[in-house]
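Here chain A shows up in two complexes: once beside chain B, once beside chain C.
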Partner chain A sequence: MRNYILRRLLILIPIMLGVSFLTFAMFRMIPGDAAVLRCQLGCTPEILEDLRHEMRLDRPWYQQYGDWVWAIVRHGDLGHSLTESRLPVTTELDRRLPITGELLVMTLFLALLLGIPPGVISAIRPGTPLDWLSRVGSVLWLSIPAFWLGILVIAFGVSWFDWTPPQFGRGYVPFLDDPWVNLQQFFFPSLVLALAIGAAIMRLTRSSLLEVLGNDYIRTAWSKGLRERTVVMRHALKNALIPVLTIVGLQVGALIGGAVIIESVFNLNGIGKYVLEAILRRDFFVVQSLVLLFAVAFVTANLVVDILYGWLDPRIRYS
Partner chain B sequence: MAQEVAAPLSIEEAAPPHIPASRRALRMARRHPLGVFGLLVIAVLVSAGFFAELMAPYDPLSPNRITKAFAELSAPVDAETTTFTVKDGADLGYGQTVGIESEEIIVLNIAGNTITVQRGAEQTEATSHDAGAALGSSTVDTLSRPSAKHPFGTDRLGRDVLSRTIFGARISLMIGMVAILFGVTVGSFLGVLSGYIGRLVDSVIQRSVDAFLAFPQIVLLLAIITVIGDEDSAVRIFLADNTPIPQGEFLGVPDFLNIFVISIGIGLAVAAGVARVVRGAVLSVKENVYIEAARAMGASDARIMLRHIFPNVAALIVILASITLPLAILAEAAISFLGVGVQPPVPSWGADMTGPNRELALSGTWWPVFFPGLALSLVVLGFNMLGDAFRDISDPRLRGALGAGSGRNL
Partner chain C sequence: MAESAYWNRFWRRRISRRAVLGAGAVGALGAASAAILGCNGGGGNGNGNGTDNRPDTELTPVAGGNVTQGRLLSALGIDPHVDLTGFGIVDLMYTYLYSWNRYTEEAVYNNLATNFEHPDDLTFIYTIRPDVVGWPTGPAANEPLTSTDCVESFKRRGTALTAPDKRFPQRIESYETPNDTTFKFVMKRKFVPAVREMANATWAIIPAKVLDSYPSLSQIAFGTGPFMLGEFRGSERIVLDRHPNHFLKPRPWLDTYTFIVITESSSLLAAFRSGQHDINGAVLTKSTAQEFIDADDKYRVSQSPSLFYPVIHMKMRDPWRDIRVRQAMDLAINRKEIIDVIQDGEGNYNGPIQWPQFKWALPQQEVRDFYPHDPEKAKALLKEAGYPQITAKMKYPEVPGAPIVADIAVLLKSQFERDKVPINLELDAVELGAFIANVILPGNFDLAFFPNLPYDEPDRPLSFYHSKGVTGSGNWTNYTNRELDKLIDAQSEEFDETKRQEIVLAAQRMILPEHGPQITLTGGIGYFASWKHVHFGAGGDPLATPIPGSDYGPVGTDMWTEKD
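Let's look at the complex of A and B:
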């Protein structure tokens, strides 16, 4: 088991190098770099050269990339922004990680809540109005883009209830400082993001549970005279959840993508907004570092999923 | 559900004397009402995209400029003087001075309801109600609520939201189709090569695909499009200099080259996924005895790939294309929404939901944002429902199992 986890974590190294280098290479391909973007009014070739030198963009590409990697290995220093502020990436992360973290945890929680119970009900009562309702609902939620729904929530919140998400007036309020304001800040963005993911989970729970319910051991459980509750919860659900878990793990990528959009809609200053701004400003050290972080998050989430498999199905061995 | 239980039986029933195709289609339609609904929605979208000039009552780019088709139907609203076209790339913010120009009138400024125009040497200022007087034409209704004249209302420049939504369908479809065509072609080429040749080629292609897939999709798209959409980007310059792709207006779409470059960007992201799936299929196809037979007969690798492998994965590729099309449409909307994709004033569903329209929505003017988003949702819904129906028909056991949900990345 320990070897398995270690091996999986080792795979991270080439992935991290790969994605960060790909990002670096992409942004180096275009002639207009961050210096050109900063050097707007009254820009002369001399000023541009000075800026490049100051931003250390005048050195060969392999030195730039190599230095960046070496700083991470030696001090865990992710470099700094190429904008005038020159803010270190790690400082920004300290400020922004809690925001995105809370958003994603709440989204995942809501998505499971919206996905698994309706999926189970739908599967044990197929063909009933309840089943039909949750199936149609799931297709609907899957099709509505989160950014549109987000704008509508804010727009109708304002015009019908005279309510604006608190983050528009003031910044992020941590949960411990004021739980009520904090929940107001995060509930709707999380819900909007969770609907599509919850719908995907619901569909998968339904079909997977339907398949498991057709197995011989379920018939045996019924014929023993067990209550429905026991049959579904103890015997069927646990097995049905394995494919669901896989999808939840894979959805981590979609979750991060969703955060980029929803943070911009709901004005949350998290990682998603940070990466969007950095891309627009061609601040490639920031983009590289964030992409690195995403890759780590994705691989770790899927590792956790793989470990959970063993808990759901003890027959699964790690090799 | 009843129909799924009946499915295996119907195969035996269908074997004896043939049922006319039309009857079979009708029966299928009755069994899958949601699929029919999806098909209808898609049909409406496609015809809106193709016949936008005929369906849209107004010009999507300039207020009150009535499109040709409708100019004949409704009374011409002083056509000669109303016609002014928006100058390249000039989208108006509040109170911003811009040049909207025609031969005789220059609109200097549109701020809220007030319009300043210059005709020749004289300057006139007017509110929207008597802007007509200033322009010598009908009024420019800015931000009017949905009404009989403008069913979806008008935006802050007085442009008809319905017309913009209809033309938006064309942009969406265009980008979606070019992206899929490019992505699926490149992806299946790489997939077949990777699966059939194996060894080093396989490793190189698959590790590159790994790197692409390790990004969250939207971040990858944003990065690719920022890079290749740049005015000085090599891709753009290459396309402009070496291909017949028009740089100006084409098929009623202004700045076609930009639209094309965006499609290529989305196509690249599509290609990575397609290459992975096609490779898997090729690996199993190439173990077939007929491949060995072809090789024994002295067929070259190229011939085997083209004539024996490709036809056997073609069905899969078509399915992949149909699943990915709505995702590509959604991707275009998302990146345009984030300000990286299609740029105003080109009508795009995603771009129309952002910028000044989004600010307006926050203060209660919902229609410029609501309708483009509704159209986008309906289209994706249509594709998802059609996909579900197809899956039911081809494999009743899968009832809404994988598909739309699990493949979704936005």
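Let's look at the complex of A and C:
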């Protein structure tokens, strides 16, 4: 097991190099750079040239890429913003990571809550109104884009209750400072993001559990006179959760993508909003570093999923 | 009949612990949602009750409190000399030579300078107040601003790499500081727009000691203005604290002034509606402002002609080189419909200079007469020019939070199609960064459609028609008209206002029959809304007209709030 984890972690290195290079290359293919956007009214080609020189964007691409990678390897320095602020990426990450982290954890928690119990109920009571309700609900949540739902939540909150999330008026409040305000800040954005993911989990849980419930060993369990809860929860669900877990791991990517939009709609100043602003400003180092971070998060999440397979099904061996 | 069997079982069985837990979980989720919403229902701090409806000049300001204002744009930096994204914040932190009344288009000496002498067209002499002192912190703590600070600030503004529009500072020949309270500079060439320019937000006077200590003032500030920087997170929240030793003390009245950045337009408006913001930061049109106008017991709404003006830029090559084609395009545009459909029926036609520049714009009737909507004549002109069918790509920027650009582009295309004018506009929406880099700066377009900035001085709008363009190094459209260049140059050097007006009008009348290289469309009305407990003093809110003859300080000093 240890060797397996070590090998998987080692695979991270070529993945990160590949992702970083691809991001670097693709971002430089987009027209415009940070110098163009900083060059203001009265911008002339001479000023633009000076600006590019000052921002060190006039160096060959391989040199820019090499310096950036080398700084990360040597000092863990992800570079700095190319805007007037010149803020180091790591400083911004320190502030924004907890926001996105909390959003993602809460979303995942809600998605599992909204996905697994209805999926189980749906599978063990097929054809009942509860089953129909769960299935129709899941199709509905999968069909509605999260950003639109987010806007609706805000619009209804204002129209009916004169309410908008607290971060609209005072910015982010950490959980330890004021748990109640923090909950108000994250509940709706997490719920909006969780609905579609929860719906996918629900559908997969249902179909997977239905398949498992038809297996011989489940029939044996029933014939032993075990209670429904024991058969479903102990024997069937554990096995049915393996494909669900795979989907949860893959959904981390979707979650990060969703966070970009939801953080903007709900004014959460996390990594998602940061990357969106950076793309619009052609802030190369910020985008490169954040994409790298997303890649690491995605690969790590799927590594955790792989490890959990073994816990769910001891027959799975890592070699 | 699985359903009926199910319901039979359902009604017969006992309610299990699992069912109770399941129902409880669902109920808790719902209750949590309701609690989050309900417990904060009406939690807005905007309370219209008890507000006094008399004009601000008749009320006694109350010291203290906080005002929160929404912002659509992140402030990437707050260096006043180079960073335009800090607009609206930097002018609360720094001192300027004087303020500007955009309605009378005159300087207001309510700031650093008390007096201005102009012995000849090239010499500017300002007498400055001795009691404008720095904030209690920083390299120039409590020290008065002097003429030396003015010189150093002007030099920095004129030489910083990313400082905007350096035409004025580049024409300054020399500075003199006869004493601490006299600031003089002499220009190489006359440049009338300088008078307006010195009052804008990029011409802050910063203590020289601060400039020496901090080469970049992007994330930090040490000024002399009414508010001090308390917290700066440019994409989230900016908090300003009262400057206790401001030269107009006990003003400013407010203890704190807070900006909250919300880059999503509908969320920003929602925050204002719910009372989390005292001052709205979202763009308002007549239709979106109507709910606030109707609720006049709670909100204060002011309006003003908008200086933003959408413009179609034409590259001077075939077919747009032919004046008949340009005229046909002009005739095919139904400007009245743009006003009715896009601008909620409000606004006017723009000539080369926007209509709200009342001193300089052509009379409205003259402009309207010049721009009739005549698709039949347009078709005839195209036929005469040998272009029975034109297909042209019109590039426009996708501006986040400003759908009006795309809306007008789509309307123009539909107008041509509906009236069967044979100009087929292929609309090409380009991401803003790519638009600047790939379309505007290299002049890579046949037709480009975007709003010019809200200039409130005639020189800039006219510069688009000058052979040297707005950058001084050539215009994007390749348009050249030597006679027009002379007029545009002449108005920028004419200090006599009446004579300058004549030249500006003559230049516009020369531009109109050219039907290019810019086709200016219409301009609407902008709206500004705040909760009624916020008072702006005699100077009024940013869109209101200052009360004539009243005494008011620089922006922010006279604001106060009835809210605790």
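Note that in this section the second predicted complex is superposed on the first by the 317 of 319 C-alpha atoms of A that agree within 3 Å, B and C clash if a C-alpha of one lies under 4 Å from a C-alpha of the other, contacts with A are read in each partner's own complex, and residues count from 1 in each chain.
By definition in this document, contacts are C-beta pairs under 8 Å (C-beta built on N, C-alpha and C of every residue); 3 or more make two chains touch, one makes a residue touch a chain.
In this text the structure is predicted, and so the values were computed from the model without any measurement.
Asks: Should the pairing of chain B and chain C on chain A count as a clash or a fit in the superposition?
Replies: Aligned on chain A, chain C clashes with chain B.
Asks: Please work out whether A:184 is in contact with chain B alone, chain C alone, both, or neither, and reply first, second, both or neither.
Replies: Second partner only.
Asks: Contact-wise, after the overlay, does A:24 reach chain B, chain C, both or neither (first, second, both, neither)?
Replies: neither
Asks: If we overlay the two complexes on their shared chain A, which of chain B and chain C does A:229 touch? Say first, second, both or neither.
Replies: second
Asks: Is A:151 touching the first partner chain B, the second partner chain C, both, or neither of them?
Replies: Touch partners of A:151: chain B and chain C.
Asks: In the superposed arrangement, which partner chain does A:65 touch: chain B (first), chain C (second), both, or neither?
Replies: The answer is neither, since A:65 touches no partner chain.
Asks: Output check: A:264 vs chain B and chain C. Expected answer is one of first, second, both, neither. What do you get?
Replies: Both chain B and chain C are touched by A:264.
Asks: In the superposed arrangement, does A:51 touch chain B (first), chain C (second), both or neither?
Replies: Second partner only, chain C.
Asks: Is A:170 in contact with chain B, with chain C, with both, or with neither (first, second, both, neither)?
Replies: After superposition on chain A, A:170 lies in contact with chain C alone.
Asks: With the two structures laid over each other on chain A, which partner does A:287 touch: chain B (first), chain C (second), both, or neither?
Replies: first
Asks: What is the shared patch of chain A, the residues that chain B and chain C both contact?
Replies: After superposing on chain A, chain A residues 30-32, 127, 151, 154-155, 158, 164, 264, 280, 282 contact both chain B and chain C.
Asks: Flag every residue of chain B that touches chain A in the complex, lowest number first.
Replies: Within the complex, chain B touches chain A at residues 1-2, 34, 207, 210-212, 214-219, 222-224, 226-227, 230-234, 330, 333-334, 337-340, 353, 358, 361-364, 366, 369-370, 373, 376-378, 380-381, 384-385, 388, 397-402, 404-406, 408-410.
Asks: Hey, which residues of chain A end up touching chain B in the complex?
Replies: That would be residues 15, 18-19, 22-23, 26-27, 29-32, 126-127, 135-136, 138-140, 142-148, 151-152, 154-156, 158-159, 164, 196, 199-200, 203-204, 206-208, 210-211, 247, 250, 253-254, 256-258, 260-261, 264, 275-276, 279-280, 282, 287, 290-291, 294-295, 298 of chain A.
Asks: Touching chain C in the complex: which residues of chain A?
Replies: Those in contact with chain C are residues 30-33, 36-45, 47-48, 50-51, 54, 83-87, 95, 113, 117, 121, 125, 127-129, 151, 154-155, 157-158, 160-164, 166, 168-172, 183-184, 187-188, 191, 229, 264-267, 269, 273-274, 277, 280-282.
Asks: Applying the document's contact rule, which stretches of chain C touch chain A when the two form their complex?
Replies: Listed in rising order, the residues of chain C that touch chain A are 2-3, 6, 18, 22, 25, 29, 32-33, 36-38, 40-44, 68, 74, 76-77, 79, 82-84, 161-167, 216, 218-219, 233-237, 260, 262-264, 266-267, 270-271, 273-277, 400, 431-434, 436-438, 441, 453, 470-473.
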